[in-house]
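Same chain, two partners: chain A is paired with chain B first, then with chain C.
Showing the complex of A and B:
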């Protein structure tokens, strides 16, 4: 399947205009910034309120509420208006459409998250690792958003369909605390959001390469699997459109 | 293109038929909603058929210029924007967002996706239905230009819509798939009318009800009865008063298959289902109308009836 830069750019520009002018959806762009401004002031000496912990929470929330939601909406909106079907009639391939949309969501989320990090004033122990894990997470949540979008018929469906994602992914770091009572919850430690908490929680001094690599590898595996699943599902679902 | 037959509950919904699509010609199929759906389902090959469904919508937040630019880029066509906007007659609404366009214009803009199709065959469902006069004219012009290189198939439930721009028109319904020859069928109908009219007007049965004169065709009538000196014409369970006499009616209606089965009854033999024998000397006729109607049959008339029916 060939991918044409020109078509990807056309879809990117079109989706940017559609997204930014649909205020009901694009208001989500300021959510991470508002969260950052609100939580920044919390006294960091309180338990559970360490800068690293709250920052990880803000990131995990933003991934679902912004990245996943935006991608699901972009796809569901096209399905709702049947424009996806007629897009399939043009020379644009599946990859053109997916890459065009995903790159828009990726760029928007990345910009917003950089601003959020700056406002929060978080100093990472290893900047490179943080950038890589956030980039991987963005791709992962975009893939999840694609799946949500494919299973919803309308915009309303899409905004509801991200709820399960929010439960599993954002809730996982807290779910781990219940692992002593319910051993099954130990699995939640392998959800990428928990791994992000671990990575961000590393202190400036005294971490091994193993501590750094484990979250990266686990997130990477999630990203690859979810991306493949979303592309395959996309192709299969659109056959019967 | 070939269409496969489709059955539902043992009934043939879509017959097997083949459509010869010539370039430089547009074809129309007049059919109903269900069969439109079945036909479109069989045109799912995206590399050969560009299908524009009636439910197609548009990107609402783009302006018309942005939309056309997007379509140009995504289909990788080389046309220049300005002459194209002129050609598509969109100059007046260039800066208007699609969602702010009047409904007819929005539909027209949506239909322009067909202009950008690369497939050799364009299939449009009800293209003219929502369009106003002016937009219809523009679309017709664009479709005519398109049909120079591509074949166009229009699916509609409306004969007039099909006649706007189709060279060949077919009708697809429960009786199958048949070409519609517009000129010939018009002449035929006229011929039939001239031929039939003297007969029909002569043989109508005129009745009165509530001061209104109602005319019936003889085959509609179930039976006619004489009751207390007035003549009642029974049609579909209702009765109407007729002014002429039973003997008069019998003379006029004999060659329509009516039979004087009793001194005061004239029955339409086409509608008789059963001859009931009550006793050796008493008979009745049951009619196969909606309501259960039974007409007496005189013993003297039985032989005559048997001869008529060859029993």
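Showing the complex of A and C:
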């Protein structure tokens, strides 16, 4: 399937204009920044190692409350107002529409997370690995948001549909603590949010290549699977068979 | 050359046939009306012709290619579509909505001015869609569908729920577009609209075409061969069309007795009811 960057850009610009006038959704942009300011404001003298876990939680929360939520709302609103169907009747392909719509959320989330990281003053053990895992997570949560949006009929539905995502993905790193009593919870360690916690928790001095690669590979697999599912679902949900 | 060719199309949803054995062709430059009550299968056919649905049986071709190919960007550049499922971006202005379509169709900037003049909305270009009346919104939707001056235009009940003034604006625009060579496939349940706009019509009922032809041909086929005469004294006659009637009317006219003479020609709505036994919904 071909992609036209002119059309992707047209959809990106249109979404930017719509998003900037949709205060109910765009307000979410400040959530991670406010959280970062509040947490660092409580005790800025805390050592970074102590805030690494909190930082990972803020990132995981931001992926759901900003990235996934914004994408779900963008898709659900287009469905609710029949504009998605109109878009599909233009020369824009499925990829043009999906990439165009996703790139706005990707760019916004990335900028907000960079600011959040700066406020936290977090210095990763391996910057490259953190950048890759955050980029993969953004794609992954955008795909999840797309799926939520496709199953929603209205904006309100979309807001509610991300609750299970928030519960599973943000809660996974905490659920792992129950693995000793309930071994089934060990599976939660393979959720991308848990892997992000592991990666962020690596110390400067002691980690192996395996420690670095494991979160990257697991997050990559999740990203590929959810992206494929979102594209297939998108094509199916917009067909009338 | 036929722009649309439909041969024995059947579309089944579950146990119900939305379309069964529908065949017709539309030559280039024609305004073709697909008439029928709500739920007759009109929208289903548009969806098949624009690759949003696949037929259960039969073949449909558009621009001499299977209709399934209409999902390709190159084919989408050739047709426009306006359905009751079309939508606008409410937070954007009229101009911003059209700008999106201009960029998606890769058109020059002047195309927005041109299409806004065409739908008579140049003065509203900076208005947000939320501030437009229903008629204006429908005209913006039409502008989005025709901004690329398509060879073929699908219109699914374009004037339903519009007042006569807004409908007249749309009719005027469509006629102009048709004069420039655009073939128009129009579905409607408004028989007056069909009579006013269409070169040919097909009447669809329960998924089958009941009649096809020009409105004039259909009326001719179904007219009663009588002429109605009302006299000034209140008497009314229905007379067969022949030489004797002509002499009789001429005599009444000389004596100044005639109040009104009318042909007993049915409307398309009358024909539909006669053929299907159904009231239009």
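Note that in this section the second predicted complex is superposed on the first by the 231 of 241 C-alpha atoms of A that agree within 3 Å, B and C clash if a C-alpha of one lies under 4 Å from a C-alpha of the other, contacts with A are read in each partner's own complex, and residues count from 1 in each chain.
The rule is short, and it goes like this: contacts are C-beta pairs under 8 Å (C-beta built on N, C-alpha and C of every residue); 3 or more make two chains touch, one makes a residue touch a chain.
These numbers come from a predicted model, not from an experiment.
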{"item": "Combined model on chain A where chain B meets chain C, clash or fit", "value": "clash"}
{"item": "Partner chain in contact with A:103 - chain B first, chain C second, else both or neither", "value": "neither"}
{"item": "Partner chain in contact with A:6 - chain B first, chain C second, else both or neither", "value": "both"}
{"item": "Partner chain(s) touched by A:83 [first = chain B, second = chain C, both, neither]", "value": "both"}
{"item": "Which superposed partner A:26 touches (first chain B, second chain C, both, neither)", "value": "neither"}
{"item": "Partner chain in contact with A:14 - chain B first, chain C second, else both or neither", "value": "both"}
{"item": "Which superposed partner A:93 touches (first chain B, second chain C, both, neither)", "value": "second"}
{"item": "On chain A, the residue positions that both chain B and chain C contact, one per complex", "value": "4, 6-7, 9-11, 13-14, 17-18, 21-22, 81-83, 85-87, 89-92"}
{"item": "Touching residues (chain side chain C, partner chain A) in the complex", "value": "47, 50, 52-54, 73-74, 76-77, 81, 85-92, 96, 99-101, 103-106, 144"}
{"item": "Chain B partner contacts - residues on chain A that touch it in the complex", "value": "4, 6-7, 9-11, 13-14, 17-18, 21-22, 80-83, 85-92"}
{"item": "Chain A - residues contacting chain C, complex", "value": "2, 4, 6-7, 9-11, 13-14, 17-18, 21-22, 78, 81-83, 85-87, 89-93, 239-241"}
{"item": "Chain B - residues contacting chain A, complex", "value": "46, 50-53, 55-62, 66, 70-71, 73-76, 97, 113, 116-119"}
